[in-house]
Amino acid sequence: MDALPANATRFLADAEALAAQIPDGAQIALPPDYSLPAMAVVRALVRRRAKRLRLLGVPVLGMCADLLIGAGCVAEVETSAVSLGEAGLAPRFTEAAEKGELALREATCPMIHSGLQAAEKGVPFMPLRGVLGSDLVAQRSDWKVIDNPMENRGQTTISQKSWSDPDFSDPIILAPAISPDVALFHARWADRAGNVWLGRRRELATIAHAAKAAFVSYESMREGDMLEDEILAPGVLGSVYVSALAPAPRGAWPLGVADEYPIDDAHLMAYAKAAKTREGFRRYLDEWVLTPEKNFSPA
Amino acid sequence: MGPYAREELLAGVIARLIGDAAHVAVGAASPIPATACALLAARGDKLRVSLLHKRKGNPFSEGSRELFDLAGQGRIDVFFLGGAQIDGEANVNLVRAEGRRFPGSFGSAFMYFAARRTILFREEHSRRVLVPKVEFVSAPGSSPPGVWRRGGPQALLTGKALFAWQPGRRRFRLESVHPGSSLEEVRDCTGFEFDCGPTVAATAPPSAAELELLRGPVARAIAPNYPAFAAKVWLSRSPPSAASA
Amino acid sequence: MDALPANATRFLADAEALAAQIPDGAQIALPPDYSLPAMAVVRALVRRRAKRLRLLGVPVLGMCADLLIGAGCVAEVETSAVSLGEAGLAPRFTEAAEKGELALREATCPMIHSGLQAAEKGVPFMPLRGVLGSDLVAQRSDWKVIDNPMENRGQTTISQKSWSDPDFSDPIILAPAISPDVALFHARWADRAGNVWLGRRRELATIAHAAKAAFVSYESMREGDMLEDEILAPGVLGSVYVSALAPAPRGAWPLGVADEYPIDDAHLMAYAKAAKTREGFRRYLDEWVLTPEKNFSPA
Amino acid sequence: MGPYAREELLAGVIARLIGDAAHVAVGAASPIPATACALLAARGDKLRVSLLHKRKGNPFSEGSRELFDLAGQGRIDVFFLGGAQIDGEANVNLVRAEGRRFPGSFGSAFMYFAARRTILFREEHSRRVLVPKVEFVSAPGSSPPGVWRRGGPQALLTGKALFAWQPGRRRFRLESVHPGSSLEEVRDCTGFEFDCGPTVAATAPPSAAELELLRGPVARAIAPNYPAFAAKVWLSRSPPSAASA
């Protein structure tokens, strides 16, 4: 995963083929449920029995992560929250967290955004205001606190002592760069040049910029080079960032794609209810994930 | 309760707390704060409301980081936070309590510092929620001098009472008790100590004019994003034409 | 200029009215010539005899700045370059710089981008790789160099000494946040909600986010709220950032607006030739800027 | 010169310098590097070329910072820099020389560090341009150990010769002299000292196959973005159908 694929956007057959590109143990950056999650690929990861995945929520996670956690694919989660939104707590995450079955790296939304933007710019860190005084700071030895160097002409000291010491002068927290192994998400359109259209979901572009590889499923193929179209271009992620692409019609279902299909609230509620128990979750997997013909909604 | 829904009372209180703010950001599962904003808008106030995660459209074009950047720029006047636990120093816990896991801190550890004012809002008023000391500080209620902090808590509103935050004393002061509750009940159900004047006012209910707005234009504005909420609060009373849309 | 206008996008009559909002002495962030410069407002600034403006090029400047400099409106320029592109050197900038008539704050493109992104995030600085060893660093006392705090567990020292000292450990440069008084640019469309459409010229959004006020001229008014349109939204700057708007059809001329009109190369060449001398520049101003009926191209 | 234009020779040299790079970024006023990239593409190489400031469309959707972010990410293999002055330590000056003001440093102070390789390209080969020491270092040719630097100069190409950069010695080595020039002429016109083997090769001219590509698909690919250049180089020879487009 070290080489950045500059000129090799590959066109794969389907979600299974994309899932096969993601090795066990990879750190995968995932968007929130409202931001084009690649659910078809997530289901394919469950089917291929992916192991020890490390999930990064950008900045929060939902059903996408809950499925992978419940199916035993996940070793570690870094996120600022996991929730099913209107459908309540994410039941498999909640149980795994309460039983201590996951390595949890608690964060807060803008620290994740800033870490990805640091990687996007090729710098080792980015500063952020706030956060000091949250118990998150003590848990995250990779978050550093320094005196604001723009205000201090003399020495500035890395926090060995507590940032709340009175001799700390305008302390500020630094988010370390986050460069995930894989960015995984869904797009409304792709084109033959390997570009994908994400619309206003710009956090997906940031993930792809920061990641070592980006795997993208898409609703449908669009004619022409979208980067040459001034109306579409602002919503495009250029192919330079896209390692591989595959078609997955209704690939975000049961979550939604703006202007294509809405969130399937009833399904999400049914999932939230079923997944409250391990047995219910197993039945859900059998019915909706492991049975090939039900890979995506018939609607 | 009176001739109004509890949600209407709470929205009215929040509208008064928002006051003359220029820009309010309202999170996903917050129909009552959204109702308060819609009430101010219906009254003709020039309030800008950024509803996060609207079902159709949204106020942002830079992805999910834009809310935090806006707050960092000082462009968010009022934000709302809840909490699995809230303590008497206005610390907020969104992570874990009594062995139970909650979703996580979201952006609280930043927004509580960067928004000019934060209204703490949790309908459940119990010793389980309002604790002497939170188990985990997702976001602290105050910061030492020398630590950058643009804003902090303004008030804590629950289903039983309204507390004002006193930054100098780092303690809440009971401001008013909602109709139907009593000072005694509030004391019983609050796990932290708070200040209290010699007499405690009753929370002002929504006025007739406010109720008319709430049940007309406000209900119609809220229904598309919070259909279940709008149906529950208003459909049984005086159904606005679009509440079922 | 202290208050950020959260709910008060004002609709003004024309470019003159926008120019009247920009006080003498203001720091104005301007885009490159290829990125929607508000030329009609620039001409109006010349007509209203604006004084002591401080220009910030994001990240480079062109005819926009050359006109203002030649007309005596400018006290200071911070930029990574000033050039007319294919038409060669910017003659009024070049002469003013050679004669020492301008306060020049030399920069390099990504330091300006990073400084604006710092202001966009409300942090006091942003780190950047590279730059060390450029003579720019010695000229910019506001650029600080520190040891990379993510690598150094002990003390980290602000550069009093030279960063090339062997005991400097992985030095990194910090761009201070730049929060210009005014962001000034042109947009293809505006809507009644006060949103403007910039397409892929995202640097304009960054300027507006970072600035204390943003003044925007636009080609034409578009029906509906562009932020509610999933296709247009990715290219929109939301009205929360827009202080005031005014119509200026062909307002970028002689520069271009993608899909509307191209750069007027012949005019730019003619300008470059005329502006080689003060007299030629005066004649250009008389003909194309100070004569109201010729404010913009008749085409 | 021979049965080829000087621009064709230079483009051929640049194409060889680019070699098997995956991604090349080419600046605004760079028709010859763009021609080299088009030649590689016409040969079927899987080269990604990001042409900055194309007349129609462009490879970016994040505004003008995207080039620098791409380079920071390590995704730019080859970049080009010119210079009002270039010295024997490969320092580049884009700001001022002999009392004259030039446009400014642009992104050179970053790109020279972040791109994996930089090809220095300046057609004018004179002591005015190739100086012992630049008056102003826009971007340094090398950096001390301990200073982050992903890449640096690969070569210096002029209208008369090709120099290779020797990072260990921090000096240029004359690689070849273009047909029509001589070692003596190169020495006369170069203001800095450089290494030189016992014999100096002549720069290889474009092959017949390369010329055929240059005058066919390459000319057609270049004409839309560089119409004046394409007309000058190719229209007088064997006009490709689209060169005047």
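As written, the chains take the letters A, B, C and D, and residue 1 is the first residue of each chain.
Basically, contacts are C-beta pairs under 8 Å (C-beta built on N, C-alpha and C of every residue); 3 or more make two chains touch, one makes a residue touch a chain.
Note that the structure is a prediction, hence the values are computed from the model and not measured.
Colleague: In terms of C-beta pairs in contact, which of A-D and A-B ranks higher?
Modeller: Result: the pair with more contacts is A-B.
Colleague: Could you put a whole-Å number on the gap between the CA centroids of chain B and chain D?
Modeller: Taking the mean C-alpha position of each chain, the two centres sit 60 Å apart.
Colleague: When the C-alpha atoms of chain A and chain D are each averaged to a single point, how far apart are the two points in Å?
Modeller: Computed value for the inter-centroid distance: 39 Å.
Colleague: With chain centres taken as the means of their Cα atoms, state the distance from chain C to chain D in Å.
Modeller: 29
Colleague: Tell me, which residues of chain C touch at least two other chains?
Modeller: Counting only residues that touch two or more other chains, chain C contributes 110, 117, 121-123, 128-129, 172, 200, 202, 205, 230, 233-235.
Colleague: Indicate the residues of chain B shared as contacts by at least two other chains.
Modeller: In chain B, 58, 60-62, 68, 72, 114 touch at least two other chains.
Colleague: Any two chains that touch count here, so list every such pair.
Modeller: By the stated definition, chains touch in these pairs: A-B, A-C, A-D, B-C, C-D.
Colleague: Which of the residues in chain C come into contact with chain D in the complex?
Modeller: Within the complex, chain C contacts chain D at residues 32, 34-35, 58-60, 79-83, 85-86, 89-90, 93-94, 97-98, 106-111, 113, 117, 128-136, 163-164, 166, 168-172, 200-206, 262.
Colleague: Give the list of chain A residues in touch with chain D in this complex.
Modeller: 4-8, 119-123, 205, 209-210, 225, 227-230, 233-238, 240
Colleague: Where on chain D does chain A make contact in their complex?
Modeller: Against chain A, chain D makes touches at 22-23, 46-48, 50, 56-62, 68-75, 77, 114.
Colleague: Along chain C, where are the residues that touch chain A in the complex?
Modeller: Checking each residue of chain C against chain A gives 110, 114, 117, 121-129, 144, 146, 148-158, 172, 174, 176, 198-200, 202, 230-235, 258-259.
Colleague: What does chain B use to touch chain A in their complex?
Modeller: Within the complex, chain B contacts chain A at residues 28-29, 53, 55, 58, 60-65, 68, 72, 94-96, 99-114, 136-140, 143-144, 146-149.
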